[in-house]
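First the structure, which I've put down as structure tokens, then a few questions once you've had a look.
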Amino acid sequence: MLTVEENETLTRTGSGTPMGDVFRQYWMPALLSRELPAPDCPPVRIKLLGEDFVAFRDSAGKVGIVEPRCPHRGADLFFGRNEDCGLRCVYHGWKFDVDGRCVDVPNVEPTIAERLRPRAAVRALKTAEAGEVVWAHFAEGDADELPGVPDFEFAAVPPEHRFVGKKLQQCNWAQACEGGLDTAHFSYLHAGVGGGGKVGLHEAGRPTTPGDGNGEPLRLARFRWLVEDGAPRFSVLSHDAGLLLCAARHADDDCLYWRMTQFLMPNHSLTPGNFPEDLSLANTWVPIDDTSCWIFCYAWHPDRPIGDKERHRLVAGSGIFAETDEHFVPVRRRENDYLIDRELQKTESYTGIVGISEQDQAIADSQGPIADRTREMLCQTDLGVVRFREMVLQATRDVAAGKAPLGAVDPGAYRVRSGDAVIAADAPVEEVVRHRFGVRFAGRGAVS
Amino acid sequence: MLTVEENETLTRTGSGTPMGDVFRQYWMPALLSRELPAPDCPPVRIKLLGEDFVAFRDSAGKVGIVEPRCPHRGADLFFGRNEDCGLRCVYHGWKFDVDGRCVDVPNVEPTIAERLRPRAAVRALKTAEAGEVVWAHFAEGDADELPGVPDFEFAAVPPEHRFVGKKLQQCNWAQACEGGLDTAHFSYLHAGVGGGGKVGLHEAGRPTTPGDGNGEPLRLARFRWLVEDGAPRFSVLSHDAGLLLCAARHADDDCLYWRMTQFLMPNHSLTPGNFPEDLSLANTWVPIDDTSCWIFCYAWHPDRPIGDKERHRLVAGSGIFAETDEHFVPVRRRENDYLIDRELQKTESYTGIVGISEQDQAIADSQGPIADRTREMLCQTDLGVVRFREMVLQATRDVAAGKAPLGAVDPGAYRVRSGDAVIAADAPVEEVVRHRFGVRFAGRGAVS
Amino acid sequence: MLTVEENETLTRTGSGTPMGDVFRQYWMPALLSRELPAPDCPPVRIKLLGEDFVAFRDSAGKVGIVEPRCPHRGADLFFGRNEDCGLRCVYHGWKFDVDGRCVDVPNVEPTIAERLRPRAAVRALKTAEAGEVVWAHFAEGDADELPGVPDFEFAAVPPEHRFVGKKLQQCNWAQACEGGLDTAHFSYLHAGVGGGGKVGLHEAGRPTTPGDGNGEPLRLARFRWLVEDGAPRFSVLSHDAGLLLCAARHADDDCLYWRMTQFLMPNHSLTPGNFPEDLSLANTWVPIDDTSCWIFCYAWHPDRPIGDKERHRLVAGSGIFAETDEHFVPVRRRENDYLIDRELQKTESYTGIVGISEQDQAIADSQGPIADRTREMLCQTDLGVVRFREMVLQATRDVAAGKAPLGAVDPGAYRVRSGDAVIAADAPVEEVVRHRFGVRFAGRGAVS
């Protein structure tokens, strides 16, 4: 439970807020590279942390993210012409490059234009592209002094090994992120229903249960373990970029089934649910404003390409990927109650909502536009959520004190992995982590 | 005319407001029983007096109306599973019964769950069903100490004698209720037009005029009297649950045509317009919030079943029943100007709006989201409205003083009737009332 | 650039604001005469300067614009019956004439009605019709004491010489009006694109360029001059009703191409772009509220009828006329990004938006609901805009001091013209004006 003040601090991200100041110390996914598919393609409106921008790719392929307001008379540069290495305001032809510099003022005499131009720059974010994502940084000053973008594994693998996407979430970023750190809900929210009780995992009207012949024995058994043990025990390790959240459930033969999630500051998560042969999955929750966010979704495999069928399912919207329209708005969303099917809820699916992503989305939205954390009854399975809040609130104090928040200048600390393991019940958590990830991919400092 | 303060008092019904406190002393229609048609059927969102609830019918058929917020992490119980005598949150499986008690906390060890459960109750309204309506009471404490639901005749007759429904009104409850107490407007708002002047009653493009061969002579004559005498004289009698509003118009042969309306605290009305052979009609205006309300509509006959044709007309939306969509939203409503037909208004209908209910609805909405009663020019035909306001405002003072407001603990006082009479012009109002209702059904204390 | 206070003063027009007080000193276009096509036709809702009214044409053809609220119980007179020289409230039959006088109170005894009626008047604006436009004046008191409506030429010519219309603008009136005073943007916003650069004027996917065979040589050459000289020099003359804004561009053979715009207090403009043989065009920007306005559009020729083809193009929405729906809402508008076509923007049109009017509309809307004039970089081509602001702000001081603002009581001062001229480069502006308009039509006091 948080105080009113702590909840405000955690959830408000606009300019000048404590958490807004934290976010502005990190590289942030701003849009997918494919939203700006070619040099001089149409500009795109984006909103980040409550601030409006226009993004464009110039003739040289470089992405600019600039304040959308022409300094001359305030016209919206979204309507601008993207031409010849700059975005030109269509009102009187003033032109700006990807760094926000004014490069042409054609409606006055050239000598006057030369005097006006230096004062006519528009604010521009620093940009970089990695992993088919356009990253933005709010830092002012020289781009060369910035740290690199976080060194996520998904961005380092060959394109054939990777698929990225995004989807709209219609609530505050923090509660959606908390949902990603809360593997306990897998035993309920994503459960199937059958034979009078919960069964396996349920997605898209197609429960994946033992015996359906679609998977490996281990992959099937874990759905049973998720359902059979709905009160997992949490252990949390911290490292140089965030937290490794480890949740243990009873498995067969005196073993434990461990699901291990990475939280990476300030708003990334690497999900559990994968054994080494499975795809890895991760998310970033980027505030649009304080009551909506983009969830960037990443799928990849360190060692092999994503297969055609696998890729097709991701594109169609399965697992952490949602089925969306062309604006990345989920088809099943707040306005239509996620197309909840009460008959399905009775007979097949715990929620009656089709899709893992949509189930997560629905329950986060349902906590309200901004969840009220002053009225809660937290319990043992909420340990990850509690530690997330502590770490993020600590970052607000660090930034207020002039310190770089955890991970912000340490891109290498983001080269970590998440995943599952089945191991003897008496193995301590550090051993489980070493066994599954080795010291290297657990997170620097998590285990030695 | 009211002061600004009085108008606020009359119209604001949220938690902690004076009128809100009054409403919370009475049983209130919350939804139709058929909105929860079977045990374990889908839950339904409702809003009452500005507060959100989720209503569900449990496996035993009992209705619960509970706060929609899971105390664990604040997820919305509307998405819950209605299963095995309780509503279960789909986030982590916490479960609540119709009285709001937490009956399962499955995501922690059983011993911890036992400690959590008593503190994890959700707020629940008291509920009862009568007359195919689910009634709710905001009282805390023991249900056994509550008075019974008001003893309306419509709830006491056999189901074949009754039809109930509801419809959305897009304005404050009080002005809509005032419309129901204002029989004077029948001479205008509901009039037909023909031959250069007003004629009879006009509904659904089908004026009911003398000579159309559809009715009894008396029933037809009254439409003529309504039009011929547009300035009725009002007398108001008070009784143990409210007011009996009596309006006299000139009839034929030195007789008066009396229309007598019941107002029952705090928000019910029994309409006039019926002779003993006709169906009785009544309404309740239940605030959803301060700018919209549900109008519950009741039709019944004390002594005979409703005929098939009669019932079909009610279901289709005639008289006080509106033609609505499946969410009880009128087809003709504020957003579409009630499909006003200006040609119809010129030639057949005083309003150009089809439907008695829709005419009432339009004119109440047209007074604004909350009518401004500080600018009015009340006259003699507004006497009922004036007395209504006085009685309701008195109730706010009673409740503030710790007294039960009129009728709140006296369900028997609601067994009254409304209706019409034609009688010699020199009969005093008390004699008219005794003649039409007898002492019993006038309202306890109205006449002796 | 303005201060925050000046920008508020310029843009806020509600009752009691300084600029609202200015507007209320002038006759204002309220609606088109054809919106009330016949005696006793349906009433029309209008909003002027943030205030709601209902407009109706009575049985004698006279237009009333009255407060839409019945003084009896506050019902909306929009739903009233327009009958027999008055608008009758359908709730209880109270009736009002075009001057707001209450002429019938039928729901009470006649003697009481006689006492009520004088106190039951509703507020009514003064109205007049001229140029197929219904004009309204907020003055109280005797209509005979009002000045005449402004003596615009478009209102004085025969109907065959004229076409009038209106269209919705979804932003504050002042920035839209400023767009009309800013002929500099013609070199950009309305330009066509072709062969790697700007070409001519672009409308409706049909660039009008030299050589297309559709016009006179002069008419074609000016499109080239507009594009070739994108930094026109401004001179501003003032006169008894406003400003004559003169902008010079290089033409061929040591001549200048002059475009001369009239600004007439407080919100009218006569556009440039016409030689004597062309149609004249003008606009009025009438605040609906502070974030939307009606733009009234006038086309006329002093000396000849509008041809069939010309008229057809105006009706369809070309030039200053927009393509609108039946509610005068543009088909291409804020909600659909004006149907911007980015491919068209690359290849044919500077904006990618079809229609001169829609290009103007888009760029004004894009400045925000109310443009922020505290952050601007004004330059020489903004001189007209600067002088407009000064003149309007001066009017607020005049009105505050009890003086009639410029032009308000001087209808004859509005008989002016705008237009273009090509003349030797060394001619002073006064000579250009005399040459094109003569002393008479320049504006009284502009030149002598």
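The first chain written gets the first letter, and so on, giving A, B and C; residue counts start at 1 in each chain.
One rule holds in what follows: contacts are C-beta pairs under 8 Å (C-beta built on N, C-alpha and C of every residue); 3 or more make two chains touch, one makes a residue touch a chain.
Because the structure is a prediction, the values reported are computed rather than measured.
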Checklist line | Category of the chain touch graph - line, ring, star, complete, other | finding: complete
Next item on the list: Quick one: superpose chain A on chain C by CA and send over the rotation angle as a multiple of 5°.
Entry: 120
Item checked: Whole-Å gap separating chain A and chain B, where each centre is the average of the chain's CA atoms -> 49
Item checked: Per-residue overlap in chain B, given as positions that touch at least 2 other chains -> none
Check: Tell me, which parts of chain C touch chain A in their complex?
Finding: 184-185, 187-189, 230-231, 340, 342, 345-346, 350-351, 353, 359, 362-363, 366-368, 371-373, 375-382
Note to self: Touching residues of chain A toward chain C in the complex: what are they?
What the structure shows: 40-42, 69, 71-76, 78-79, 81, 89-93, 105-109, 112, 116, 119-120
